[in-house]
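So, here's a batch of structures to check.
Next come two complexes built around chain A: one with chain B, the other with chain C.
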Partner chain A sequence: MMRLSRSALIGLAVLIALPFLIRFFFAGSERYYLHLLIQIFIWAFIYTGWSIMGRFGLTSLGHGAFTGIGAYGCVLLWNYVGLTPWFGIPIAIVAAVLVALLVGYPCFHLRITGHYFALLTLALTEFVRLCIVGLRDYTGGSLGTQPKRYGDGFSLYALQFETDRVISFYIALALWLAGLVVWMWVDRSMDRYALEAASQDEEAAASVGIDVTREKLKVTAISAAMCALGGAVYGQYQMYIGPDTIAGLGVSLNIVFAVIAGGLWVMLGPTVGAVFTQVLSEVLRVTIQSTAGLQSAFGSSVLALDTLIYGLLLVLFIIYMPKGILGTILERREKKSASARAAPANAV
Partner chain B sequence: MPLLDVQGLSKRFGALKAVNDVSFTVEQGEILGLIGPNGSGKSTTFNCIAGLYTPSAGSIVFEGNEIAGLTANRVCHRGVGRTFQIPRPFRNLTLLENVALSAFFGQDRIATRQQCWALAEEALALVGLPTDTHTTLDGLGAAALKKLELARALATQPRLLLADESLNGLDHREMEQAADMLGRIRREKGITIVWVEHIMGVLMRVVDRVVVLDHGEVIFSGAPKAAQDNARVVEVYLGTEIDA
Partner chain C sequence: MQCELDIFFLEAVLNGLLLAGLLALLALGLNLVFGVIDVVWICYAELVMVGMYGINYAYKTGAPFVVAALFGILLVAFAGLLLHQLVIRPVLESAPINQLLVTGGVLFVLQAAATLAFGIDFKTLGIRLGSLNIYDMSFAYSRIITFAVASAAMLVLWLFLSRSYIGIAIRAIAQDRQIMPLMGVDHRTIYLVTSAIGGGLAGLAAVLMVLQYDIYPQIGQQFGPLIFMICVLGGLGSMIGGFIAAFLISEFIAIGGSCFATEWGYAIAFLFFMIVIFIRPQGLFGGKA
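Moving on to the complex of A and B:
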């Protein structure tokens, strides 16, 4: 049975109360701040899903494919079959898991690892993106598509809550918490040890009885399912999906960059990555696009300036903070407490 | 019926015949020395039995069942444990985790976690390594890493242990201790052992029989004393006294 610490309980209470605090303190900008938080939670869930396999050396650049399958699967089933997302989302998740297993099995069986694995998964992302663009009659091609609005845009049946962001906030919060629970569940299982061992030496791991292929497939399926679910929820919330916003290579790379920036090996690292990347891109966007001097100097190119600076900062972070923000903070704290423990011992 | 029956085993790597028509048996409860100079095919034979290589020809029957061509994890589940010539510990895990992992995954039946930790502690104690939960692999010497290899293999609860050059990299005292340990494992656990080695002096004291390989072929099979007196065996060991 999982027990929460006092600080975790306080944090959870604050998060639950957050929409009301925002309504109280920022009444005029309530929708904007809620939107930012919802984005953070959904992406934090997707990043956590990626890190569940990424932390074991399975560096996939293909998770944009899974978010895409989740989002498009759910929306297309709703738009063309009339299937409620309550069924559409599980079907999309199953489809994503099947694709993950289909690609994963030969990779893991033939021991394709490292750069080759990353390249292969990158090809998967591009394949899914090309399918989306190619099937433009259904998917809207590169322009994207929207789930058909049901009634006034507020429906439990259609999982559409356009008019009330507070409900979307709680859905996103629950999703994020579920992601953390899955992360902890994997972390505390014996499979984690098996994957740690396999990430270091596959032959030695197999020699002590570990079915390396099966272990990798298990964690890949969990990771793909989480990303597909995240993609589907993102589509339902945004009421718009496009190959570049939820399915493309850019999405795959954003996932990897954000997790590395936040911290790959700690549970809340992907969440910190989501906060960092979402807030950074939002601050840069608002600051740059509202600065008249920059607009007159760069003209319409100013629209790309925030993305450029965002990319540059991420590169610097990855170079100088390879353990990520949270990883580095925890490491420094660990060193500090270790030296504090050593000091009295030396004094004796 | 022998515990392990290797018949006509061959393994080619392209044009290279690493092992050619090797046959030998291992009886229940014995320690068999598989010896030969470098490049004689010991490790290839060993890796075929352990499931790391698929044999080009021949059969490997363990407890009456064919295991040739099975993957390494399946061979382990059938009851064959192995150590590596150069220790291959999982450095990102603690000493106890390294061994508990083997106890959990090394058996075909699902053991409980508590059983696995208990088995790991028992295996570590048997080889003389610390059993606490915190000891990491940092700073462990060659002898300790060899012991860890052994503990990891023992935790899978094998009925046949394949020990690959367990003396390599050890000083004379450590070699004597390692040889005694293998003898003790056989006595206390009833585990049959195939011991691959190229250092013959210490090995000869412990093993019941030896199979000598040269250029991928069996050149001698019999008692250790008879091997020491065999002209061909002496010749492949550079024509020198083999207990040097």
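Moving on to the complex of A and C:
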């Protein structure tokens, strides 16, 4: 198995102790900070799930469909069949994986890649969102819906922990760690080399005996399953799901953007992306709401200001920092250490 | 559910045809840019939205509609030019994923900017053109005009691309990006001209849309995915294909919408799109993808 470096272990210990640190230092706003962290971990897990296929040139805009299937599948089974999320989540994941394979197989078999793949998966996202809106008798349409509260809102059976955010925090943390383990597992498997070869040149990869379709389907299934799980957990945590918050093109685009901003090709890149986007939108929201001048100038539409800055940053990121925040930092450090190693040799 | 082959069904079919004209025009500009520069403007529908607000602004300040319309077209053509110069050019050499996403960032910017500038409430020009009534069917004149103008615009563009020097150069670049610079065609100029034309077409679509639809910052989300779908379905670079794809999609929307609910019309259209692409990945009328 993999060995963890010392800094990783220290980091992990800090994360585990985090709720207590927060309770100690920010006693007044404990719930707020926990909420922010839980959001970051759940989205970081979803982003990591996307990057598992995204890093091989499979730019899917369809993952909003998988998070949607995960969240709605779980909640609808609970609300209308009374099935506990312990079974509901696996069923929703299986459904998402089936959809992924159903769309993925013809795509990969017919070698649909690049823009075409992105636009086709975009259609999938829209299809799922429209189905959710169309089935409004069950899903609440565009207003969204809530999982039925079980008892006092704290139950292991219903996986509802509304009253205790610390438990939700540890669930989100565990989820995120599991996501990283899956990432490493894929990264160290033979599939990675096969897929990297295929993303460079499909014909050549196929000619040396790589079953490109099969390899791509594997990562697609893993990726869809992770996003569905993330969507389901998000729904259970928020106790509300809406077609625009957990399904649809907005979610798909946010996933892709956050990963690009953080760094697509490094393990913690999607996590950095999640921290960056969540913290950014929180900071912008708080600043904007507390600035009276902006309020009076724009009225209620002032909230769009954070989207504006978010969009501008994304454009700048993609143009000037295509490797993302973490990717760029790691690259700089590598260059520095390489030149540091070279320098003494020159001196002697 | 009232799906019988009666006069209302015919009305839905014909209204679908009229919608097809608008969608085909919308797809045309995107198709041109996609075919020539090989970049998808994810924010294409947002450019249309910008045009609609521009026209609304000009009209409300007292300009006659024709002047406001011209202003709108020029505004979006300029926006297309800027988009290419500021956003697309720096990423022309990077991975396709980045080219796709950078315009997605512009989508957020335009939507948010429109919200900040004009608020979230619906705006309308307040021009009522009435409607044509035949038997029990009714067709809004605005839709008929849209269809006629869109068809004329497509014809003009086709003449431009097949007859003029720049038009032929544009088509040549779309065919072979490497060779054309060697033949003395400056691809940077061609890219700029194409972006401006693509923007201008979005502006023209905006002119036609302000007659039919209310203006709000999220209107792009209603049309954007449809436009991409039509482009790919018709086959890139095929203008006839684009028109037929627009026709098919809008019939699904119109008939599905009249038989079931509006979302189901759209949902069926998207499903149809995915199935067709699985059967013909290069689109209905595309050459080899």
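Quick notes
Here, the second predicted complex is superposed on the first by the 347 of 348 C-alpha atoms of A that agree within 3 Å, B and C clash if a C-alpha of one lies under 4 Å from a C-alpha of the other, contacts with A are read in each partner's own complex, and residues count from 1 in each chain.
Definition applied: a contact is a pair of C-beta atoms (placed from the backbone, for glycine too) under 8 Å apart; a residue touches a chain by one contact, two chains touch by 3 or more.
In this text, all values refer to a predicted model and were calculated from it rather than measured experimentally.
In the superposition on chain A, A:L122 contacts chain C only, with no contact to chain B.
When the shared chain is aligned, no partner comes close enough to touch A:L34: not chain B, not chain C.
Judged by the touch definition given at the top, the superposed model places A:V302 against chain C, while chain B stays out of reach. In the overlay built on the shared chain, the residue A:I42 is in contact with neither chain B nor chain C. Of the two partner chains, chain B is the only one touched by A:S207; chain C is not. In the superposed model, A:A197 lies in contact with chain B only, and not with chain C.
In the superposed three-chain model, the partner touching more residues of chain A is C, compared with the other of chain B and chain C. Of the two partner chains, neither chain B nor chain C is touched by A:V75. Legend: residue contacts after superposition of the two complexes on their common chain; A:V103 is shown touching chain C, with no touch to chain B. Common to the chain B and chain C contact sets on chain A is no residue at all. The part of chain A that touches chain B in the complex is made up of residues 190, 193-194, 196-197, 199-201, 203-212. Of all residues in chain A, only 54, 57, 59, 103, 106-107, 110-112, 114-116, 118-120, 122-124, 126-127, 130-131, 133-134, 249, 253, 256-257, 260, 298-302, 304-308, 310-315, 317-319, 322 touch chain C in the complex they form.
Taken together, the chain C residues at the contact with chain A in this complex read 34, 40, 87, 90-91, 94-98, 100-102, 104-113, 115-116, 119-120, 217, 221, 225, 228-229, 231-232, 260-261, 263-264, 266-267, 270-271, 273-274, 277-278, 281, 289. On the chain B side of its complex with chain A, the touching residues are 50-52, 71-73, 76-77, 82, 84, 88-93, 97-98, 100-102, 104-107, 113, 116, 152-153, 155-156.
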